[in-house]
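Here chain A shows up in two complexes: once beside chain B, once beside chain C.
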Partner chain A sequence: MAEIRLENVGHSYDGGTTFALNPITLTWEDGNAIALLGPSGCGKTTLLNIISGLLTPSVGRVFFDGVDVTDLDTAKRNVAQVFQFPVLYDTMTVRENLSFPLKNRNVAKDVIAARVDEIAELLGINKYLDIRPQKLRSDLQQLVSLGRGLVRRDVPAILFDEPLTVIDQNFKWTLRGRLKEMHNSTRYTLVYVTHDQTEALTFADDVVVLNQGNIVQTGTASDLFLAPQDEFVGFFIGSPGMNFINASVSDGSVSIGSTLIGTAVAEHPIPNGEVRLGIRPEFLTLSSAGTGTDVKINRVEHRGGYKLIHADGPHGNVVAKLPNDSAFVAGEKAQLVFHPERTYLFRDSKLAGRVSTKGAGQ
Partner chain B sequence: MSLVARQLTLRHNGEVFLEDISFTAKPGITVLVGPTLSGKTTLMRVLAGLIKPDSGSITVNGNDVGKTSVKDRSVSFVYQQFINYPSLSVYDNIASPLRVHQPKISKEEMADRVTEVAKMLRITELLDRKPSALSGGQQQRVAIARSLARKSDVVLLDEPLANLDFKLREQLRDELQRIFSDASMMVIYSTAEPLEALDMASHTIVMHEGRVQQDGLALEMYSTPKNIPVAQAMSDPPLNLISSNLASKGSQSLGSALKDRFNGSFTVGIRPHNIALKSQKSNDIAISGKVRIAENTGSSTFLHLDLEDSQKLVLELDGSQRFEVGSAITVYLDHSAVFGFDTESGNTLFSPSAVR
Partner chain C sequence: MKTRNNRAWFLVLPVILVVAFTALLPLMTVANYAIQDVFNPQSRIFVGMKWFYQITNDQLIISAFRRSFQFSIQALLIQIPLGIAIARIMPKSGWKASAALVAVAVPLIIPWNVIGSTWLIFSRSDIGLGGFLLNKLFNFDFTSDPKDGWGLILTVDVWHWTPLVVLLVYAGLRSIPEAYYQAAAIDGASSFAIFKYVELPKLRRVLLIAVLLRFMDSFMIYTEPFVITGGGPGDATTFASILLTNIAVGQFDVGRAGAYSLIFFIVIQIMSFLFYTVLTLQDREEVTKTK
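After this line comes the complex of A and B, so read on.
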């Protein structure tokens, strides 16, 4: 497979008035699994289509292993693709469908047979090899489509466009695991577009988060979860996303209203003024100790394995993820307890530093 | 007000689509939850009058609607794939069912209704636009607004959030709950997602293979499911199912460690978040396996293990944790969180005593 490099690549669908994808430069190493994650309209599909050759970018150049492929169409770029819905030949059996991309390139019969068996085994579709896809449920058909995408080894990359959309909730868990195992053992170059953060985070070595045509952050699941560089990443990653609370910095001290909650820790000192505190529901606790920032609990959601406590305060609404044995009820008053290391400071929606708190009962 | 379905059955070419479906829906939300092909959409279409059942009856507010034509039923339907009239403005899209079903309504009242539902769904500023100029989430809001404008007795929402972005889903789900919780209509809402059913926290019906499996509150079915299909329909990540004959460390088998709950051979069910890497209570049940993969979302790590006898186990752990693929590991099942199922029938033998 290949290294993918984009140099100043951007795209406008309206002749340059607005850019669906603002010019970007990046390199994805050979053998990595990359996920492009973002809400609809963020530019992720545009970016995928530029890589596959379905779309020629308005500006910039695309390189596979150092070779400029910008002007080559999809067929000449030789990439494998898996789409949102199954794309299969109904007149062929599953085996013939899986063999087709190899047969088309004159691969030896015994090599094809072995490769098809290997892929069918990986995806758990061996028992369907001799029937026609139209006899299968739509999620099994999609598995066959995935298999067709994976069957060739001589492609620079395999591109996936929301491939698990039609897959049943329960089966998604199995399939995601199998894709990850496949990647662990083959180290193919994979590019995967999705709006589902769980899929992106669990699948990819690197997740590229896009919003409004820009890459806002690229990183591992832990990077994006623990150290979001931008408020959008804080909000978009995590379920529910990060809480934001209005606060202020004065000579290094961080306060919510008139309540001091800790000191700012930052590479560059944070000038005095308004900031937003960002804290994930996983790192926010509530106390009934009676000191600190007051909130009123307005809703307790029982999610089965944990509870989500929704609370309103004068400086913003927050959600805390607490264990099942938490006894808070709607209507009660409580105080916010900030995690000593996982409370972040944002200014102009960019990460500026974190807050060192004294932990419980500040 | 109520909608009562009695013994609805639908078969086609010997295949069962719906079998003996009976339930009562009161004003507010009734959630239909179940996997793909469990019969949710078929049931909705029968309730709407789009398909005639082979047998059974549907009564709305005491009146049998079996012979009422679709047009004359007080039912609105919202599909998974949002449908709007592309040539009409958002305003006219919302007003269209009123024009068809209540032609005598005055212009003023129509305007009032459209503005009222538009406000509810926060699309007031979009009323003059065409659907093509809207995002997917906005288009689905328009489709839902249209279903509300008519003030039908019954509103059917067939997986209305399935085609939306993950984040939009979270947001719209909260709003739908707010909109429908004080509504006077009967809202039937279908979903394949357990968390959605738990979030709605209302009357829930679990379907599997065309049958109603259990009927009650979502959390009840999460904590005391009647059988494996119900437990699975209410679990995300999926419930682990392993044999009680598997070896446990320190005692003969999983089954013998659980013989205070059930004596004999059975299927052990345990949710991924109820298994830990360290023993926390003296009666935790130790089990050994090999690391297959670890998936990390930042918030949690899903650790997949291969057990003996080619059985599998998934753990949900807090935070990001790293594991070496292929390494041996011992994990601990929380004794008080275990379910027991009859291996043959899938029926529940015992459930945890509290919500776990």
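After this line comes the complex of A and C, so read on.
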């Protein structure tokens, strides 16, 4: 267990022409669960492999508890890593698989036996210890790989590279729960790579959102949901993602087309010009009052507990998440109602401020 | 119930015809010879199983078979480990990998009798570079010392066919996902442990093919001893196939040669079957257990 610090760490696979991971600096506290979230090819696995030492970064230094480990190889760094699909030794039993990392480090036999039993108990795989992992279902196999990651007590961190990809949807919940439990009882530093926001948000204390080799935002699940700092975060987090509407700012007033919708609230006044107004479907409602920004309802989706209303307007198409009793039907005209606190303004895809609708006639 | 249209079997007919004319009919000709004593094309007599009984008591033939077995076992014991060792140290990617593959494959694309002639000249103690040096150092002479003759043929076979093992193993190694090596690095596995627990288990099927191919080919070895030693010195390199040719073409004893051929054929079938059964034993145990 250790604090992990990256200083100006970046990586290029083609000798510096393009960076898969642009140089970043960050610190993760000891004992935290961190998720690296982003679409395929955003550099999250690269970052993970740099931490585990499978990859030497093109630039920058990696520190575990203040000690520079950049030049240490994977075995010496002693981190544990669990891969996307179960990586197991076919000719060994489950017990031998779990013992393997300890055996390679010359741990005493009785210590290994006790530790393997403990881990098998924790993961609920103790009844499979004496069979070969090939005979197990893939989710149990992945538990065995996971166990191989957990078996060493002295690891600075356990790294997960999309470990639930092969797992059946129903079992994902169970496994995610077990991981969370395991983390609560052991307080290992966990780094978890995923492209699944639900996984990242339920699992981690801190979520790091990556896009095209850059960190776009770091924060808790609610930070990312309620206060996205970047259009990408708004769009990527949430289901469906944030709505974006073209708007303009003029002397502190925000308008969509010619309709004034409120005043801009920002730390630094927003210069006049085009902006993008971002609002999550959860905070967008529709009215049929007749004043405000007009949209035409295109499609109504029944999603069980709520309805998704897809509506098209001249300044952008939007989705609103409304309760089941809302009576809007496709083809109808309606007006947008913006949440007074949760309507944001973005310029050059960065957060610029928010819109206060108080006092503005809608 | 669906009605089955059995006319689809006619589609198999071309294959049956091709196999019949290329394999079954020639084999039946051999079987036909095997139960007759043929004096000349006009006069022959039916002798039943006589040749078969005779062959099982023929010391010349039995020792030729024993020599072939010994040769195959030795060839396998050298070529399989050597092939694995070479494949493991070959470059993994880039132009170096291509260069290494081409270099390794060279012996496989040289005609067999050219290989024989090349080695024959190379190994002669009077004019061959290798033979001359070895003769000066160890008194090597494959034309008079049975051990030297045997060793030379074995060396030629190793030189000629280890590349096949290398190529198969190399392909097998490249198909192991990188994650297995990464996991082994994470687990702190030594290079030997990686070989034993990651590579060897994943190479099992490829090695099965390599062992089968190498067994069959080395058991049937003909061209190299024919060109280089002619089966000698004495009968040191008179392998089963050399003796067969002597009987069939040299002595024109087609009846005995026919029976010999069938026995040869069946021995190879049985040995290949045994190898296959033993090497896949583990797979089948696993299948039955999971059922």
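Annotations
FYI, the second predicted complex is superposed on the first by the 347 of 362 C-alpha atoms of A that agree within 3 Å, B and C clash if a C-alpha of one lies under 4 Å from a C-alpha of the other, contacts with A are read in each partner's own complex, and residues count from 1 in each chain.
By definition in this document, a residue touches a chain if its C-beta (ideal position, glycine included) is under 8 Å from a C-beta of that chain, and two chains touch if they have at least 3 such contacts.
Values in this document were obtained by computation on a predicted structure and should not be read as measured data.
Partners chain B and chain C, brought together by superposition on chain A, fit side by side with no clash.
Contact with neither chain B nor chain C is seen for A:118 once the two complexes are overlaid on the shared chain.
Seen from the CA centre of chain A, the centres of chain B and chain C span an angle of about 70°, rounded to a multiple of 10. Between chain B and chain C, the partner in contact with more residues of chain A is B. In the overlay built on the shared chain, the residue A:132 is in contact with chain C alone; chain B does not reach it. Look at A:154: by the touch rule set out above, it reaches neither chain B nor chain C.
When the two structures are aligned on the shared chain, A:236 is found in touch with chain B, with no touch to chain C. Once the two complexes are overlaid on the shared chain, A:195 sits against chain B while remaining clear of chain C. Of the two partner chains placed by superposition, only chain B is touched by A:180; chain C is not.
By the document's definition of touching, of the two partners only chain B reaches A:303; chain C does not.
Superposition on chain A leaves chain B and chain C with their closest Cα atoms 7 Å from each other.
Against chain C, the residues of chain A that register as touching in their complex are 49, 52-54, 73-75, 78-81, 83-85, 87, 89-92, 100-101, 104-105, 132, 134-135, 145, 148-149.
Residues of chain B touching chain A in their complex: 35-37, 135-137, 165-168, 170, 192-195, 198-199, 201, 219, 222, 232, 234-238, 271, 273-274, 292-293, 295-299, 302, 304, 314, 316, 318, 320, 325, 354-356. Those residues of chain C whose C-beta lies close enough to touch chain A in the complex are 177, 179-180, 182-183, 185-190, 193, 197-198, 200-202, 286, 289-290. Across the complex, chain B is touched by residues 39-41, 137-139, 168-170, 173, 176-177, 180-181, 184, 195-198, 201-203, 220-226, 235-241, 280, 282, 301-306, 324 of chain A.
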